[in-house]
Structures are given as structure tokens and as C-alpha cells.
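These are the structures, in C-alpha cells.
Here chain A shows up in two complexes: once beside chain B, once beside chain C.
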Partner chain A sequence: MTDKKYPTPLLDDLEKGPWPSFVKEIKKSAKSPMVQDLLGLLERSYEEKIGHWKHGGLVGVQGYGGGVIGRYSDLPAEFPDVSEFHTIRVNQPSGWFYTSDALRTLCDIWDRHGSGLTNMHGSTGDIVFLGTKTTELEPIFSELTAAGFDLGGSGSDMRTPSCCNGMARCEWACYDTMAFCNDVTQTYQDELHRPAFPYKFKIKASGCPNDCVASIARSDMSVIGTWRDDIQIDPAAVKEYALAGKLDIGKDVAGRCPTKVIDWDGTTLAIDNSNCVKCMHCINVMPKALSPGKDRGATILIGAKAPIVQGALLASVLVPFIKLEQPYEDVKELIAAMWDLWAEHGKNRERIGEFIQRIGLGNFLEQIGLDPAPEMVIQPRTNPYIFYNL
Partner chain B sequence: MPAQTPESVADAMYAMLKDYAGKKNLKAMDLTKAMIEKFGDDCDKQLCKSAIRILMDDARCTYSYVGGSYVVLNPDYGK
Partner chain C sequence: MSADVVKAKRKTDIGPPNYTKFLPPIIKENYGKWKYHEVPQPGVLVHTSHSGAKLYSVRAATPRLLSIETLRLFASIADEFTGGFLRFTSRNNVEFLATDEGKVAPLIARLKKEGYPVGGIGPSITNIVHTQGWVHCHSAASDASGVVKALMDELYPRFENMDLPGKTRIAFACCLNMCGAVHCSDIAVLAVHRKPPKINHATLGKTCEIPSTVAACPTGAIRPATVDGKQSVEVIEEQCMFCGNCFTVCPSMTMADPENDGISIWVGGKVSNARHEPMFSKLAIPYLPNNPPRWPEVTAAVKNIVDVYAKNARKFERIGEWIERIGWPKFFKLTGIEFTKYHLDDFTHAGESFKRSAQLRHSSEG
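Then we have the complex of A and B:
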């Protein structure tokens, strides 16, 4: 049983039911006075239906403008142990692979200097440490760097790039997402730690169109693996699916193809690859028989964001196909051109997607020196932004 | 005009930040644009980037977050 400092009837209610409960998890650490005050403050917020946190300010570690999100309670006299409750973002390893030793190291550092509460992982992809005081920030940073970790991004900077675990675990990865993610993280250390943009800029890398990191909806620059030749078909495996009888290939595969490019005559499966939109449905339901083509690369999309200052945007295609191989010079040239333009002409708190909407994609493409392509559509099955005189 | 160095641009940025303190928050790009306007061809974005880094590393300035990220005078500098 936890030694509760405050009665928390409303929070207790959130522990009921079969689903995971953040209250239950917080209470596991309730021996800490900081966590007890957190529960008390949270209960107060539920009672009064008002948040009691302020965020921002001057907190950080010397030389860095990102990685620490200052958080203060507006009831410091009543809940003194959470009067400062800063969040720290720690740059996660690509694909979120850890050794158990690394996880213990992180938890030990956090137990020594913070509340012990973590969020593995935040929506940015970072390891998130929840709740510490200003005086603990430099010691935490020193210990993290000594253990080989660094802070992630926050504020108007390039946010910590993230990726799916790609070729490490998935046969559908069309490029090495982990290598790409690590490369951009190392290349853009200055942009990650020293905010110089109008607002945040997120890069997320998915190995195939399944887009397991949801980059198309969440990142300013989304890099999604794809292929430009034919889907690979193993006719023997197709036959096995048909004979097993668990999958109705005609109805569940050909019938659900969004562009109706699959033909199934009961024995042979044929695909009109020129009209395939790479939705991955057929590959997902027949993984033993179908796989992405051999000529693999990525599509680069631009402009997604969640609703903050303005409404949500989905990313739209910027580069239909690019071979993604180290040292990724073409991608870096593109990033530099976009950042130069947006950093100079973007309004305060204007994401790059909103900037493109304001100036128009045609002007944006002209300024960054990219030729328009018919694949540049606002959303699937719409006309491109660019109109051609044929 | 003499060729600028990261240190001289950092000093000019610091002076600008002092002038604007309490009146307007400045972003890194605001400082960069002002320095390029002030020094012309003797200054560029890369030089400004290095200058801001100098201001941060010697603790004369720090970053603040007020909706966006700004470069501000470090209230603890010299204490």
C-alpha cells in the first residue's frame, strides 16, 4: 500500500477497469514526496477542472536551448515538492533498442535526481523524464552524457528524429531507417540543441508505407520507404494461401485493393504494378507470398502537424522517389534549402506546412529549386497542386 | 568595414539584446537578420550561428521559451 499524503478519490476512480492506468503507475512511486505532491495537485485539478501547471521560462542546461521543458505549479505553497517539476527529453536510440544495462543506468540517474517517473516514450519519440528541480538539471545532464546519452529537442528547433526499427526487425523496410535517423541526428546537432527556427521541425522515418511511426501525420518531414518496380510474388506461396482456405484472395485481397489492380482467377495472382499505390494491404495480408519490389528507396513528404496554433495537416508528397543511401547528400541539400527559406521567411510559430500553405507550393518549390511532379497531391486521389499545359 | 569574426558579431548581438531587453524578445533569426543588415557582406548566417554559440557557451545569454524559443540575456551572468 502506498502512503498517501492526500486523499485522491477522483484519481482512485481512474484505477478501476481493465485498461492500464497512469494513476496506478504513478502510485507505484508514491514513496517520493515529489510524487505525493503530484498526486495531490492532480486531484486538485480534477476537482476544480483546471490545470495547475505553467510551462516555459529560462530553464535548461548551459549551451542548449532544447531538451528541458520548464514546468511550474501555480500552487507552490500547497504543493512545495512540485513547485518545479521540469520535464527532460533524452534522445532515444534509433528504433528504441536498449540493453537492460542502459535502461538501469537511465533509471538510476533519474532516481537520484528526479521524481523517478518516466514516459517511455513520449510522442516525440524521446525518453521522457517527468519532474525535477532546476538545481538538478546540470547534474542530470552530466551523468547522462557520461553514460553516452544526450538531450533531445524542444522549442523552436529540430526535434529529436525518430524512426521505426526498420531493417533490424522488418523484412519490408525499403531503406535502413535506423542508419538514416542516426545520421540526421548526428549531422544536425546544432539545429537540435540550439533553436533557430520559427517553430519546431520534426523528421520521422518509416521503412515502408505501413508507416509504423505515423510520420505522415506527425512530422514536418516524413521519409517513407517505398519501391518503384514490381511487387514480388511467390506463386507457390500464393497457392498455399489459396489451398489453406483461411483467406479469400478474391474478396479479401483483390477486392480490397484501393485501385483494383489485382487480378485473381482462382489459381494465378497478377498485379498491374503501374497503377499500384503502394498501400501495403495485399502484402500485409499475404506476407509469405508478396513483398515490396527490389528497387527500393523512399518518398519524402512535407508539412504534417498536429493542431496547435492552427489545425492538423497531413503531409503531402515532395519527392516521389529517392534512393536513400549514405551519406544522404541529396536529402541534406533539400533539407538545407527548405530550412533556409522557412527560417528566413516563416512567421513566429509557423510550421513549415503552414508556411507552404501561406506562400503556395508552387512558390515554395521554385524557391527551394525543386521541379514540380504530378505526384505532389494535397491528399490521395486529388489533383496535384501544379497545373500543366499539355 | 573590417572583416567580422564570430567574437565581434557576438559582441554586436549582445549589445542588441541589451538594447531590446524588456521591450521585445528576439529569436536567433532576428539577430541573424540584424547582423547581416549591419555588417553586409562581412557577415553571413554561419558566422551568426557561431556568434550565438559563443554567447551561449560563455553564459552571457541563454534560451528562453515563451511560446517559441528566444535568445535572452542570462540574468545570472557574472554573479
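Then we have the complex of A and C:
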């Protein structure tokens, strides 16, 4: 091995301190000449306060239109081993559960063909293999699929769906998020691997309104578990919380309820469920005493996105309540209707949230066959510029 | 092997492995049957099922960017303590899933010894959701991993303890694309440009589709133009707010600028529905310089916001809920952050953020 070690005084400073250091991680893989050059290039960025990656890069594997993010350095003469430094997105298992054997399998493949650096995980959920050359892409792909792993999404396609750990390890899961996430991922493999949309489309599944995968902010289609009957109360456990004294039930529970539906007289807790908005606060702070109702399902919200181009959006209510049971036919019908409409009429690089704002939520609903409902708005419109369809 | 044979063997569209292969037996047995959970100590969750079974989850910090050497270390720790079972969280922590309570203390000790401390549960500051920065992205206005490391070193006690009024989520994005969770976090650190793109007229016609470049601009600042006989674009600089979206679609419009790129700080976002509905983050500090490797101005600013919040907010109040209760003038007063014209929204529907009432606090104290 040629000795290509560069001095990295600025990065070395980030090896100090209590938080685990990404510089230490990079150095753990520094037996690879590619990683040595990455350290050199990154140190240069720290010196100059500017990135050193060229714009874009179109690389991939045969048969797919997405899954690999090509990247080329703008200093190939100085740092030849990162002149190509592509990222591979590998679809994670639902809920990010692994066995040690599965992790080792992934490490061995990446050891043979890439830098040895990863992101666990990318923000959308994928396992990210960080840094390899174009010639390694096909060999990696064939070893990954032989081991039972496939690529994730990138580009104008359905991106890799992700979910909270749901029923695997949470008493609040109102539907089986992991089964749903796995099912939609498998059902829409073609839409995930071969970009056919105006722009990206993300699906995220959260088991309750705590929304531990931030679906309402980070997915075009957000599926959030909820219930429509009464919160289950265990009076004996309520008494235990009251006696333990860590929680002031009047102030911390009833007083914090957004719709003030909790009545606490010092011994008995009562909830006016007809006015409860399922925010989760009382359940969150008294998990032993309170739990979601038994008639469970999900709310589907649509259109979240980051600011570019017309401004950031949180997802808004599309279906107030839906039962979520395999094989999820209703949800799939809805997805098909939305994709048909948006793929046909969405502009280039127009997220579905911006598309809905452009054509109007009323028209969108009409086209996909849903009825308008008051749950879809904070309030009715205040301006009188109404398009009457007479 | 002939090309045909290779093609015949090619596997596609298999999707991820089925998650059920990776679940420990205790989870398979109690799937959907959990009764309640407790947090006996920072970084540890205990889930109890209706059958009485108990699952101990130990949550450790990671820098998200991990070497396979570390993943192999995690695998061997999982083999030693948790039957080979582990998972990662939606904020890129790692969790080891134990059935034996006796393994918890030695597991924590081992993780600490290896440099992956345990915490990030309850009213604490857990891992910072972040992006690629100068490690891999072409449009980054700052580094991600470096800022995150500097911040978490500074805020470290808040990761190990549960002494904040409410959960406090910090996110980082290295440009206005805002990959990740920056627009809905209690504290968001967002790298920004402050100068218009530099146009390479010689290459633009060859490397870019001009109509989509024009369409990429949120403020309509880009127009097709012929420059020195070449098809290109012009930027009306007074209309450009340096978002960089034109560079995303057109490589001949570069944004990066060492002197003027830097960091903005945003506050008061959340995604959970508990108590208050989900909220966007709002601008607190328009600009702080890029100052690698430790970004001292940024870490001081974030620490100040966290400290003022910790001192003033009520139990369970998230930063956004706290500010809504006390009002923005008091937030700026308590934190000592200067309010500027940059805080006044001037994009589409900006007026929705103007104060349209006489409900104001005028008391001289506090």
C-alpha cells in the first residue's frame, strides 16, 4: 500500500470530546486508499470552507433508474482515489431491525467493493454505502441481491418507505406499521426502481400520533395510526400515578389536554372521548394507566415537503380514518388514483403537495374520488373567490 | 460465463429482506401485545407485555457515519449481550434488545468503553438528524458531521440526562433543500448562502436545460438570455435570495462561497401531535459564520437557546409551545437574540405571519 496519509489537523480536533466522532469512524476505514483521499479532501474543505464535489453524476445498475447517487470530486488529480465516490442506497428492513449476521453480511459485501464507510441510516431510511467506483456497482448489486437485499430509491420515483417500530416494541401502535411498510415496498418495487413520476414520492408509516418517523413532515403520504372509540382507562393504575406524586394529574395531564376533555376530581379520571383529538399527551405521560382505544386504524395525510420551490408543507388530512388491514386494498386504490392523476398532470419537479395547491384540494379530491370533509381544514376559506361548477 | 447466463441469473425487484427474519423471539412472541413501558434510567427502556414478558432496550449514540469496523463491533456486542439482536432508531441511534435484566449494566459499560454512550430517551437532547455536508454533497453550504459533532460535544450532558422540560429535537441540514427534519424541529441548524449564483455562460447552454432552470427559481429571478452569442440565463440579483435551487438543476450556476456561506438557526418546530399540533421551525438567527472545525458561534447560540428554554419552560412544554405561551418579543428578550428585518417574512403569503392585533405584552420587567 502506498503511503498517502495527509496531515488533518482540523479534522483531528473533532476526535476529541465525549460524542462519538465521525473522524474516528473515517479513520477506522483508512486502510482503504479511497478513505485516505476522503480525509485529505475533507480536510481541504475544512481549510477552505467549501465543498469539493462536482455537480451531480448519473450512474446506476442495469434495469434500474435509481438507487445510486453518483459523485465525483473536483480535485481528481490531487485526490485520485475519490475521483469517483458514489453512494449506494440499500433498502433497510422495516423498523431497522437487524441480526448480527445480517449486519456482517452487509459489511463483508461493502468491505470487498467500497470504502467501508456507511450511514446508518439515510434520512429516508436506507442503509447508505458511502463511496465506491462505477465499476464496483454491478458486482455490489449482484452480491446484495444474492444476500436478499435490494437497492432503495432515488430520483423521481417512489422512495424507500419507512416506519416506526410499531407493534414490535410499542404499546401504542394502532396498526402494524412494519407489515404495512414492507407490503407497500414490495407492491411498488417497479415504481421504486424505475422513476416514472414528475418528482419524488415518499411514504412513511407511524403507529400513533406521536409520529416517531416524522411522517407528517417528511413524506408525501403520511399514514398515522389512531383510534375512534374510547381511551382505555385502568383506574387502579391512575390511582398509583396519583399516589406516586411525580405527576400532578390535574395540572400535568388534565391541564395540558388541548381540548380540555379530561376531568380529574382527585380520585377519578374521566374523559369526554367525543371531544378528544387523540393527541397522545395523557397516554404518553401515564402509559401504565391509559391506552388507545380498541377500534384502531389510521389517518392518511398528504403533501408534506421541504421548502423548495413554493415553501415547506406539512401533510394535510386526506382520509380522517381508515382501517388498515392486509392486503390494504383501500389504501392501494387511493395510491393508484393519486399517482394516475399526479403522473399525468403534475409539472416537472412538482411534488404532490404543490400539485394539490395548484389545482385545488377540491378538484384533487373530485379526481381521485373522495368526498370533501370538514376534518380536512383548519377552517373553511375566508375569501369569496369561489369557482362555482354550475 | 456468457453474458446471457449472467442476465438470466440477475435478480431484481426483490425488495428488502422481510423484517420478521430479524426480530428477537421475545418480540415475535409479544408482537402487538405490549402493555406499557418505563424508563428506569437514561438510555434504557423496559417494555412489559400482557404476558408479563420484559424487553430491555439500551439506546446508544452513533455519529450516523459509521465504519464497517464499528458495525462489526456492534454485531459482536449484540452477540455477547442480546442474542445477536439490535436495531437502529429513526434518529440514527443504535438500540440493543435484551431479555435479561442482568445484561443491561454490563452492556452500558461496554458501550461507554467503546465510545458509544447511552442516553437520548425522555426529556433529553437525542441524536441530531443530519445530512451529508462536505463529506458527500455538491450543494452543501456547510459541513454536517462537523457541526453535529461540535454541537453534541457541547450539549453532551443533555443527552445523558433527562432534565429538560420536554423533548428537544435538533436537526441539521447543509442547504435549503432541508433534507431531514430541519423544518419541523425544536432547534434547526440550517446552512445558507448569501450571494447569487456565479453563472458560467460558456458551459451553461451545454450542461443545463434552460426552461427547467428558469422554472426552478421560487422568486422568478432567472430569465433566458443570450450572452456573448451563447444561450444562457441571467439572474435578476435583487430578486435572488440565494436558495441554490437553480444550481440543483443546472451545474453551471455555482453557489458555494467560502466567505459568505454560513449557518442560520431556527426554533419551535415539532412533529408529534401531543398537546399542540405539529409546527414548523421559525427563524431565530439569520446568519452565523462557518467556522470549522468547531463552529463556536453556532454551538454557543444553540446552547444559549437550550439553557434559556430549560430555565423558563414549564413541564412537558416543547420549545414551540413555550414560545407560543410567552410570545416572540419575550423569546428574543430572554435569549438576547437580536430581531432584524430578516425575521420578517417576505415570501408568498408573508402577511399571515404579521401580528394583526393589539394583544401585546408591555410590562417593563422580564
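Just so it is clear, the second predicted complex is superposed on the first by the 367 of 390 C-alpha atoms of A that agree within 3 Å, B and C clash if a C-alpha of one lies under 4 Å from a C-alpha of the other, contacts with A are read in each partner's own complex, and residues count from 1 in each chain.
The rule is simple: a residue touches a chain if its C-beta (ideal position, glycine included) is under 8 Å from a C-beta of that chain, and two chains touch if they have at least 3 such contacts.
Everything numeric here is computed off the predicted structure, so don't read it as measured data.
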| query | Given the touch rule stated above, what does A:329 touch, chain B (first), chain C (second), both, or neither? | reply | neither
| Regarding the shared-chain residue A:371, is it in contact with chain B (first), chain C (second), both, or neither? | neither
| query | Is A:156 touching the first partner chain B, the second partner chain C, both, or neither of them? | reply | first
| message | Between chain B and chain C, which one contacts more residues of chain A in the superposed model? | response | C
| task | In the overlay, answer first, second, both or neither for which of chain B and chain C A:171 touches. | result | second
| message | Just to be sure I read the superposition right, which of the two partners does A:265 touch: chain B = first, chain C = second, or both, or neither? | response | neither
| said: So in the superposed three-chain picture, is A:101 touching just chain B, just chain C, both, or none of them (first/second/both/neither)? | reply: second
| said: Tell me the contact category for A:349 with respect to chain B and chain C: first, second, both or neither. | reply: both
| query | Which holds for A:186: it touches chain B only (first), chain C only (second), both, or neither? | reply | second
| field | Residues on chain A lying within both footprints (that of chain B and that of chain C) | value | 55-56, 62-64, 69, 190, 348-349
| message | Quick check: in the complex, which residue numbers of chain A touch chain B? | response | 55-58, 60, 62-66, 69-70, 154-157, 190, 194-199, 340, 343-344, 348-349
| remark: The residues of chain A that touch chain C in their complex are 10-11, 13-14, 16-26, 28-29, 38, 42, 45-46, 48-56, 62-64, 69, 71, 85, 87, 91-104, 106-107, 110-111, 116-121, 123, 130-131, 142, 145-146, 148-150, 162, 164-165, 167-171, 173, 176, 178, 182, 185-186, 189-190, 193, 209-214, 216-218, 252, 256-258, 277-281, 284-285, 287-288, 291, 306-312, 314, 347-349
| query | Considering the complex alone, what residue numbers of chain C touch chain A? | reply | 10-19, 21-23, 27, 31-32, 34-38, 47, 55, 57, 61-72, 74-76, 78-79, 84-90, 92, 94, 97, 115-117, 129, 131, 133-140, 143, 145-146, 148-150, 152-153, 156, 159, 176-184, 212, 215-218, 243, 245, 247-249, 251, 256-259, 261, 271-276, 278, 280, 290, 292-294, 315-316, 347-349
| query | Tell me, which parts of chain B touch chain A in their complex? | reply | 27-29, 32-33, 45, 49, 52-53, 56-57, 59, 62-69, 72, 75
